[in-house]
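Next come the structures, one after another.
What follows is a pair of complexes built around chain A, which joins chain B in one and chain C in the other.
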Partner chain A sequence: MVRINGMEKDVSNMSLKEYLLTTDYNLTRIAVERNGNIVPKSQYDLTILNDGDTIEIVSFVGGG
Partner chain B sequence: MIINDDKLNIGGHEFNSRFILGSGKYSLKLIEAAVKDAGAEIITLAVRRANTKESENILDFIPKGITLLPNTSGARNADEAVRIARLARELGCGNFVKIEVMRDAKYLLPDNAETVKATEILANEGFVVMPYMYPDLNTARDLVNAGAATIMPLASPIGSNKGLATKEFIQILIDEIDLPIIVDAGIGRPSQACEAMEMGAAAIMANTALATAGNLPLMASAFRKAIEAGRQAYLSGLGRVLTRGASASDPLTGFLRD
Partner chain C sequence: MKIPSENEMKKALYDRIGKEHQRKFEDTTVAVCGLGGLGSNIAISLARAGIGKLILIDFDKIDITNLNRQQYKFCQIGRYKTDALLENIKEISPYTKIQTHTVKLNENNYYTLLSPADIICEAFDAAEEKSKLVDFVMEKMADKYLVAASGMAGLGSANSIKTKKITNYFYLCGDGVSDVGNGDTLYSSRVMLCASHQAHTVLRIISEKFDI
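Take a look at the complex of A and B:
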């Protein structure tokens, strides 16, 4: 299982890019962190999600 | 006197506007009008977990040419603030960051010690670091040494609209610190923004004062004028105050009595 934005997902062995595309994220508006480290956009397709990974996917919202 | 060359310099970047606008707590559709009526060149944003199939994104509503200032709200310590800042930079909108580190949700007061730590790490990574802080001179000096681009002391608790509760301590920072002092949090009325600018603040950051006003764009315009008025008064130098008595401002009307 992979923990993505706080939810356990059964997506081990999928590439990060594949996951993001199948879940309809807007790739131009997000940043991704894997186990506490930034994943550069150029690495999305080379990044394979492993069992036990923690992924955070963020974007900008309004705030002061 | 027209003051055309009175720029706000933040980490080597020059701005004409001294009003930093927050984008929280109001509709995305109002952002463009708010930016325009505030004359703002810098707008703050927050970083949150993204939703899939997001129908609208705040970046689509911010006019071109505006500098984005992501904040690290939600961070409880320096490490979390650093993580948020790096994610914000990865979002691809520049290297400015407003550091906010808070340990409690009741008063939302900044943790000055953790803020200094985060400032040092991020300044070393090339960020333009704008730390939000409780106005304390020793902390401000630590922030200068840590590489901060500005100091952002709070006027009163975030979102309170209570005005310059920390006025005397902000004045000490203005007098002693060589970086721009940007008053952030708690400014509720244009008159309070004007007063801070008269004191020598370099800029004002406001969000809730506008978001909770009756007419957001109109209040944005009122703040813009108040900030400009306060700035011009500061550049002019305020008139003196008499300790007692009066001083006529008209020539005495001698002809009635001669």
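Take a look at the complex of A and C:
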């Protein structure tokens, strides 16, 4: 199981990109933290989700 | 009015904050990326606190619609935000070292312009720009602290603006959801709350208070 934004999900062995494409996130407006580090967009398809990973997906909104 | 001497300005801060602590602020360089409602307020707060050097980056000019929330004056409409903010900060804190870059930040100049900074504040308007800068700094400039913002539009409660620590080097301020694109406008008071969260996080990082 992978813990994503506090919820346990059965997505081990998927790539981060494959997982993100199953969600409503706009990939150009997010940052993904995995086990304490930010995964850059160029690594989404190379990053395989492992059992026990903790992921936090941060969505950016406009305004500043 | 005579401009106070550098020693007088420093003594005023040393007397309140303590010399040793204040010296840490003086020795820090902070880059502010985007000089709108967030960036102009962050830069002024940091200058008042005695941060030694600010790097101010924005390509844009001041428009009449900026005056409801950004730290500029009507007489500065049409001028570059970098030039006007430098002038406004010098009136408050004449000895703060300021470097300005009147350019659009992108993948080609992030590294050159941001590498002199110890701490980087993301204060852009567009969500995609926020996302790109976070990725770049976290991947290519791993020794820098980054303090970003997301969600400060509208009349939501002041208490919903928060600082989150995402990694050891990345803090994110805002309510996370109030998008200016959803028809909500930006109010000076709420943008300043978020800018203050960012500026305060910078001061806490320098003071080695890394929790939130």
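Convention: the second predicted complex is superposed on the first by the 60 of 64 C-alpha atoms of A that agree within 3 Å, B and C clash if a C-alpha of one lies under 4 Å from a C-alpha of the other, contacts with A are read in each partner's own complex, and residues count from 1 in each chain.
The definition used in the following text is that contacts are C-beta pairs under 8 Å (C-beta built on N, C-alpha and C of every residue); 3 or more make two chains touch, one makes a residue touch a chain.
Model, not experiment: these values are computed from the prediction.
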Contacts of A:Ile30 with chain B and chain C, given as first, second, both or neither: both
Partner chain(s) touched by A:Val58 [first = chain B, second = chain C, both, neither]: both
Contacts of A:Gly6 with chain B and chain C, given as first, second, both or neither: first
Of chain B and chain C, the chain that contacts the larger number of chain A residues: B
Contacts of A:Pro40 with chain B and chain C, given as first, second, both or neither: both
Common interface positions of chain A, toward chain B and toward chain C: 29-31, 33, 36, 38, 40-41, 56, 58-64
Interfacial residue positions of chain B with respect to chain A in the complex: 22-26, 28, 31, 44-54, 57-59, 68, 70-71, 73, 83, 86-88, 90-91, 93, 158-159, 185, 205, 207-208
Chain A partner contacts - residues on chain C that touch it in the complex: 34, 36-39, 123-128, 130-131, 134-136, 138-139, 148-153, 166-168, 170, 172, 176-181, 184, 186, 191
Chain A to chain C touching residues, read off their complex: 28-31, 33, 36-38, 40-42, 56, 58-64
Sites on chain A touched by chain B in the complex: 5-6, 23-26, 29-33, 36, 38, 40-41, 56-64
